[in-house]
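Could you have a look at this structure, given as structure tokens, before my questions?
All chains are identified by letter, namely A, B, C and D, in their written order; residue positions are counted from 1 within each chain.
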């Protein structure tokens, strides 16, 4: 159950309720930025009708509360000038790892010419083996940021550990939480306290409810700018690296107000399947895609088998636009706000 | 490895090769209808170049042979006048179970008015509990056939057990093998010997390779008219009945020449998700869909939570047409061949 | 809910209840051999207190009814002279496939010398590929039966398809239903009508509830002689052929009265792990094991990597006896009833 | 491949090899504490035979190197006076969460009276929901340590985040890495640099190879004191919280030299199944168990359904001793070294 206070009377309204909750040993959390009490296991709304300063009382019977569709119909926000969650299909692309200046600048130039507004790239890479390439780290962050800003793009990059938060937040417009960190509750707590959009990948073994509870960790800290990202789940079939769970998109749309995008690169694990999977993501109602693109996929230092080339990306984008157009939608690459506003 | 004999000299060509294989204890099967030897674990093509009457020798390094893309680029065939596997998107629809004459006739009339050419319906139903409704059996088959033929449609229905083959084959234009029977090798052997198209659903726990080996059972008996059907796999997440594995569509397209359709009704397990999943199936390259439609889903005797209504189906079909049109394709409902040819 | 009639008044008691159930459109099945009504979705026991001839009314809130622990505390029966389900740990062993007379006789002789009372062996083999060895079929059944009877053992062998039931029942003392057939409801129906013990393997993707419902199919036909057999489930980890779900043993013991044994050969897929897994099966409370033993595992025609040698089996049996002894139990190999009775 | 230098000549031997590796762009890591080069993708041992100061060159064809059985036959170490990895079966027990002084002291007293040498307890708890009890944190660590030391026991407790390492290391004798952190590579790196035993739980979705690679992260930092802990994997069956993968024990024994224990509490998720699963763990060859025990399980603040009572634990320990005794082994509770040495 969520009790939302009137924004203006939140400070006066808060204390009596808190007193009541404490006196009755009711488990709650007060989320100041949202001036809302979350009562995760309480359902008797009528008890609170006597209190003043309450805007609304929302009964919710799921473990996630603030992430629930009952709390809100749709979350939307701006990343610089680009809207997320308002119906535009967001296209985020770039290499798995930032490898050097030429690579990331060539990619940024190519993508920005197609109107892509989000440049993704890894500087700190989570790797299953300690002996694999782990990214250029600080140097990679700087190169990524420099390339993105040279081409008026937004930076999407992964945060591996809480100790790196300040550094990553300096260079990122959207902070990515990787699949293996979706259950890193300490990190999620930290991200709840900052004012920066979060791209929250689904754990490759996470139930939809667990994913929304991970978002709840962030929201209950006061940060509502969350984009969920499906990136494939683990299954019994070795014929692909992951099973891309496109069916989770309409499930999330039913359960939550948070935007959800799809990563068809990790989701399929094979360059040849990225375009069909992107089209399917658009068709099933996703709010965007996150694509691994590389100037020369065969020489990529990580994920070379699933990165697509520039030509393949152009083709993917064209088909995605045509498909969305047939369904009455469009990508954010067709928006001219960002470039026209800044050039 | 497959050795294909010249159609005209198959009979004379066969014996010397068979002698050689037997003498050398090489595991093989001769598939008469395809005048082809299958040597599942043999790779030395040059040994056979000396023999006469050989059209082609195809090295294949997968366990499935005849189902492999190396053997053939694309399988296509006609079900009465409707082509399968030639680029048209086949739409198959109808109730989970045939319940009574009114229900199946109303459904057939509605669907045929939209141009749908395939009427699906269950007469013998596989049920997890022995106490659930198991279908109208023979009576259901007759009703289904009668309704389909009254509206110039083709019948798609499930064969539960080999002992029912003659009966089901009498009424079906396409015989469906259910998910739980994909591993029923005895049944697959029987279906290899008949001349009737088979809709082979994927086992809900079957690897892509196992699915193609199930098709291989049928093909190695001489029956090449197979349509694969993805219907959702079992996962760890209880938020949906199944995980619809749309990503298997491009995988199958890479590995095999067999047409593949998608069942978004079982795949998602929820009526609200059938339309988005159908669109995604079309977008990712499937050759068709198999949809559960019911005049009054809330009163359906089985699968009521995943059947869609007539209105929902109309909407689904319209959107699917628009989406396919944007990608340069079309559904078989737009084809007028069947009706014009017969009316 | 189950209504058990007094054995003596079952015939007179049955009709009034049946009339009531029909009049009220209550879903039920009358199982004659158990003189019991099963009402799968009905819970109001008091309604039936008025009827005569009722021995007991058992409320059951699980989908399985006759397989439930509420219906019965423990199932036990005799296979010839050997008791199953009465506390003895049943040891069943033999080759994956019957290959020839020497192989099966050598195995039977070896096992019977150790006191083993059940000889397993495959005559009809389910194979993922149509090109693999599928067993000696009728010839295999005859050899298996001949060897078993020569050494005073019971035959355990698999039934692949309902059309083979008469033949298999002629030679088998226990009919095995393989993992892939656990969902073959038509076959289960047939097995409910015979009077022969059934070894019901768990589907490699079957939930415990589904497994008990498969047993329910058999029991609701009147056949109560069922032994469940865990044989490994499919997981995401390729480090073993299957994940042996030993934890399902205490789960089944809580839910059902049926005896449950473990197949560590398929469960682990590796000869080196069969002995530790057998010991663990005994430790966790299983009622027996089913082991693949071969005179020369490296030359076995099927499952060669998981069959153990005679020496390994002797060692396994010794350790199992010691372990069970420490827990106050013993194997059926220590029983002298069968041999003494016949020698 | 691993090149181990002679301990005494490691410093002189190191430089020429490093020069060669750098000049040839061969990926390597030098692990100073083990005076060993790890070359994860290199197999040509003969190249290095020319260099001086080499003790041995070990070819290894798995992704994990230092964690491999090829590198070492068996890891063992002392935790204070208690040996791990030397054949004794280590019994670790205690509550899921430290709740208050009475609870943890009562538990420590009870366990130490039975000879248990390891007291487990959670102070920082990973919880799926942000609203669940997250532990007493620092206060919990202090209580746990105080209770353990009062009864001459060793502390086993979880480290949730790298920022807490110094604090946890102050109070813990063994630092536990939880299932969700097994893939937290940043944390694993940190643990490689300390000199404290690590209990590395398996990710609930981790393949055996990934688990060994997580251990490799720690070992490649120089810390060899690792105990693996199986705690159940996620499956498709809701009949238990997890599937306890006991079969992974002999797999790990084949692949690695690291000791492996089992957590039957999380592994089964039900108090009634903890004892049978513990016995099975002992039977299948595990090196110990980690058990949740609580003075009053029904009132536990977390995991109440899987904690066992004092009586149940006594029974579990007795049966485990009898079983191990039958197999020629014993628990560390029978060792008197620790207590006699200190009292």
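Everything below uses one rule, namely that contacts are C-beta pairs under 8 Å (C-beta built on N, C-alpha and C of every residue); 3 or more make two chains touch, one makes a residue touch a chain.
In this text the structure is predicted, and so the values were computed from the model without any measurement.
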- Item | Set of chains whose contacts include both chain D and chain C | A, B
- Query: When the contacting C-beta pairs are counted for A-C and for A-D, which pair yields the higher total?
  - Reply: A-D
- Task: Could you find the chain whose CA centre sits the greatest distance from that of chain A?
- Result: C
- Message: Counting only Cα atoms for the centres, state how far chain A is from chain C in Å.
- Response: 50
- Per the centroid of Cα atoms for each chain, what is the distance between chain A and chain D, given in Å? 34
- Note on the structure: Residue ranges of chain B touching at least 2 other chains are 205, 234-236, 238
- Residues of chain C that touch chain A when the two form their complex: 234-236, 238
- Task: Would you pull the chain B residues touching chain C in the complex into a rising list?
- Result: 27, 29, 38, 40-41, 63-65, 126-131, 160-163, 180-181, 183-189, 204-205, 210, 213, 216-217, 220, 234
- Message: Taking the touch rule as given, give the residues of chain C at its contact with chain D in the complex, in rising order.
- Response: 205-209, 232-233, 235-240, 243-251, 254-255, 267-268, 272-273, 276-277, 279-285, 319, 322-323, 325-327
